[in-house]
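The letters A, B, C and D name the chains in turn, as written, and every chain counts its residues from 1.
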């Protein structure tokens, strides 16, 4: 544990240099990426989000999975992932039906990166969570309900 | 707020202190430092706190006695406290003790309200609820229930809704200590945390055959 | 009325038997909750704060342009390893029983020359405002990992404060008739879905105390023990005690004494 | 406001590298109100990239629904002990940060 922490610290100091480089404009984070997809993140409904992502009407697929527990102890931090056994997956996305904006995150997967990404999202209430996957240029989807529970003393 | 202070005084005055003293607590918390401890506790708060906040650290006879016995008073003392608390129960003007279960369902789920202070006080207009699910299982569909109190699932189905049961349920919510001295359950009516009318709604939530407590 | 009461008791027995059929649903909830907690444990944001705390500890700051590296947390100047596990304790130089936060603020004042107000201004973080104290306490706490909580309270002042803490633990007041003991005086209970430790036993107090400071996902912040206890009082609907108040130090001493012997696992991550 | 370092862990097993990243960021939704009732403006990471040596291994775009102090885990083929993993993010205020770690 302690060793790990020391490693972090070391990388932190290395980062200071990189941070300087970044602020000087020498390297730009995310420069290999396309611009942030505002239309997709601003969309409210599932349908509008899928449209903005160019996904149209994705096919339901058993080879796509929303990973993570079915119950969240708190909606502020809900562990969610996407995994798929489909070939040539180049993009995955996480959508939460009942959030104010359905789209939570999209991931670009270069060749060699597995279709298995995990993150943590906010959920305002119990909702269906969708995993969207682009495989061989076609879109596939899977869903599961994640229950957000009230907890603690209340308030 | 004045009326609440007055209520504390009435409760304090009406206890036959001499008889309580006959049952000296064996191991009162704080031991010989109890008096000092009370002062240390009182000194922890800002001097410029509003008066209506500071009322909340005052103790009535029930609270004080429960503390002395670590919430486990001898039966004699308990009976006296129960008698004392029974006398505080007040009823709605129209005498109807069972209200609207749908209103009761909402109140049972709400755990907010009544928070004061500078760090995280309730925002204005925050609803004050019964927070029943914090401690009790009620409607089956709510999985996030606590277990500090007994399960109240099928409460009405098990008991029927005779006048006697309705009154007992109302009284228990109004002043839990009328039945079990030093129980963990708050005295919702005594402290005006819930109004008599709100209590009738929770009674209905517990007893109405149509309520999700009784109808899965 | 008595008859009604007896009938109620009988009813309760039936209800208890009935609860068995809900066991399947309950155990599924428990399983998924366990998965949830496990998923969060790997990747505790408090680790980020620990790293920050470590650099703050060594950073020269304040009017005296000094670091905290000579701060005496009870084991001697500069000794951080294991210090948290032995706090609160009596300090000769101040003649007071102090917890980790009181002592840290004392060091910020004496070593770095900060005023009490400067040192405690951001004693807890808010969105957009970080707290040095949270970071420092996370760092100090982590340096007791794997060590046993050891607060025997043998010094007379410590013994006195432990009894003061015990008194406050059982003291009821407020519009919900609460005391600490209401929620934390029995084994095997939970509030909503959160397990409640019986803080009057070594196991219960140990399970609680060993994990603080903890990252609270509902708050998006690390909470120190001061913050935790002051918030318990807010939840009891009392006014909030002052930061570093003796009552809070006393409660900590009572709890740490009860938890003595439990191995520290900090920072924790909680709802 | 100064940014805090990320925590990056990368380990290689059987030719697959697993990367776990923890980032210090508010991820403010733009829907929360402060004590005075005013809306707190949105402030969140929009883009992130991870590179193995100089090759992109993951690109990400975040919305406001990603939790405060974001966590990310992914796996890619290749990578060897000691190789560099470099992670960069930028947010909607134009702040950015880059950190690196070696594969263990």
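Convention: a residue touches a chain if its C-beta (ideal position, glycine included) is under 8 Å from a C-beta of that chain, and two chains touch if they have at least 3 such contacts.
Quick caveat: nothing in here was measured; it's all calculated off a predicted structure.
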{"item": "A-D compared against A-C, more contacting pairs", "value": "A-D"}
{"item": "Innermost chain by mean C-alpha position", "value": "C"}
{"item": "Whole-Å gap separating chain B and chain D, where each centre is the average of the chain's CA atoms", "value": "48"}
{"item": "Between chain A and chain D, centroid-to-centroid distance (C-alpha), Å", "value": "11"}
{"item": "Cα-centroid distance, chain A relative to chain C, in whole angstrom", "value": "33"}
{"item": "Chain C and chain D: spacing of chain centres that average the CA atoms, whole Å", "value": "30"}
{"item": "Junction residues of chain C - those touching two or more other chains", "value": "29, 47, 51, 183, 191-193, 217, 220, 235"}
{"item": "Chain B: positions in contact with at least two other chains", "value": "115, 133-134, 143-144"}
{"item": "Contacts with two or more other chains, residues of chain A listed in rising order", "value": "8, 12, 71, 76-77, 79, 120, 149-151, 153-155"}
{"item": "Interface residues, chain B side, partner chain C - complex", "value": "29-34, 36-38, 40-41, 43-46, 49, 53-54, 56-59, 62-64, 66-67, 70-71, 114-120, 133-135, 137, 140, 143-148, 150-155, 158-159, 164-165, 167-168, 177, 179, 184, 186-187, 191-193"}
{"item": "Touching residues on chain D, where the partner in the complex is chain C", "value": "1, 4-7, 20, 22, 24, 26, 28, 32, 40, 43, 67-69, 71, 73"}
{"item": "Chain A-touching residues of chain B, taken from the complex the two chains share", "value": "109-113, 115, 122, 126, 129, 131, 133-134, 143-144"}
{"item": "Touching residues (chain side chain D, partner chain A) in the complex", "value": "3, 5-9, 16, 27, 29, 31, 46-49, 55-68, 70-78, 86, 88-90, 96-102, 104"}
{"item": "List of chain A residues in touch with chain C within their complex", "value": "1-2, 5, 8-9, 12, 68-74, 76-77, 79, 120, 149-155"}
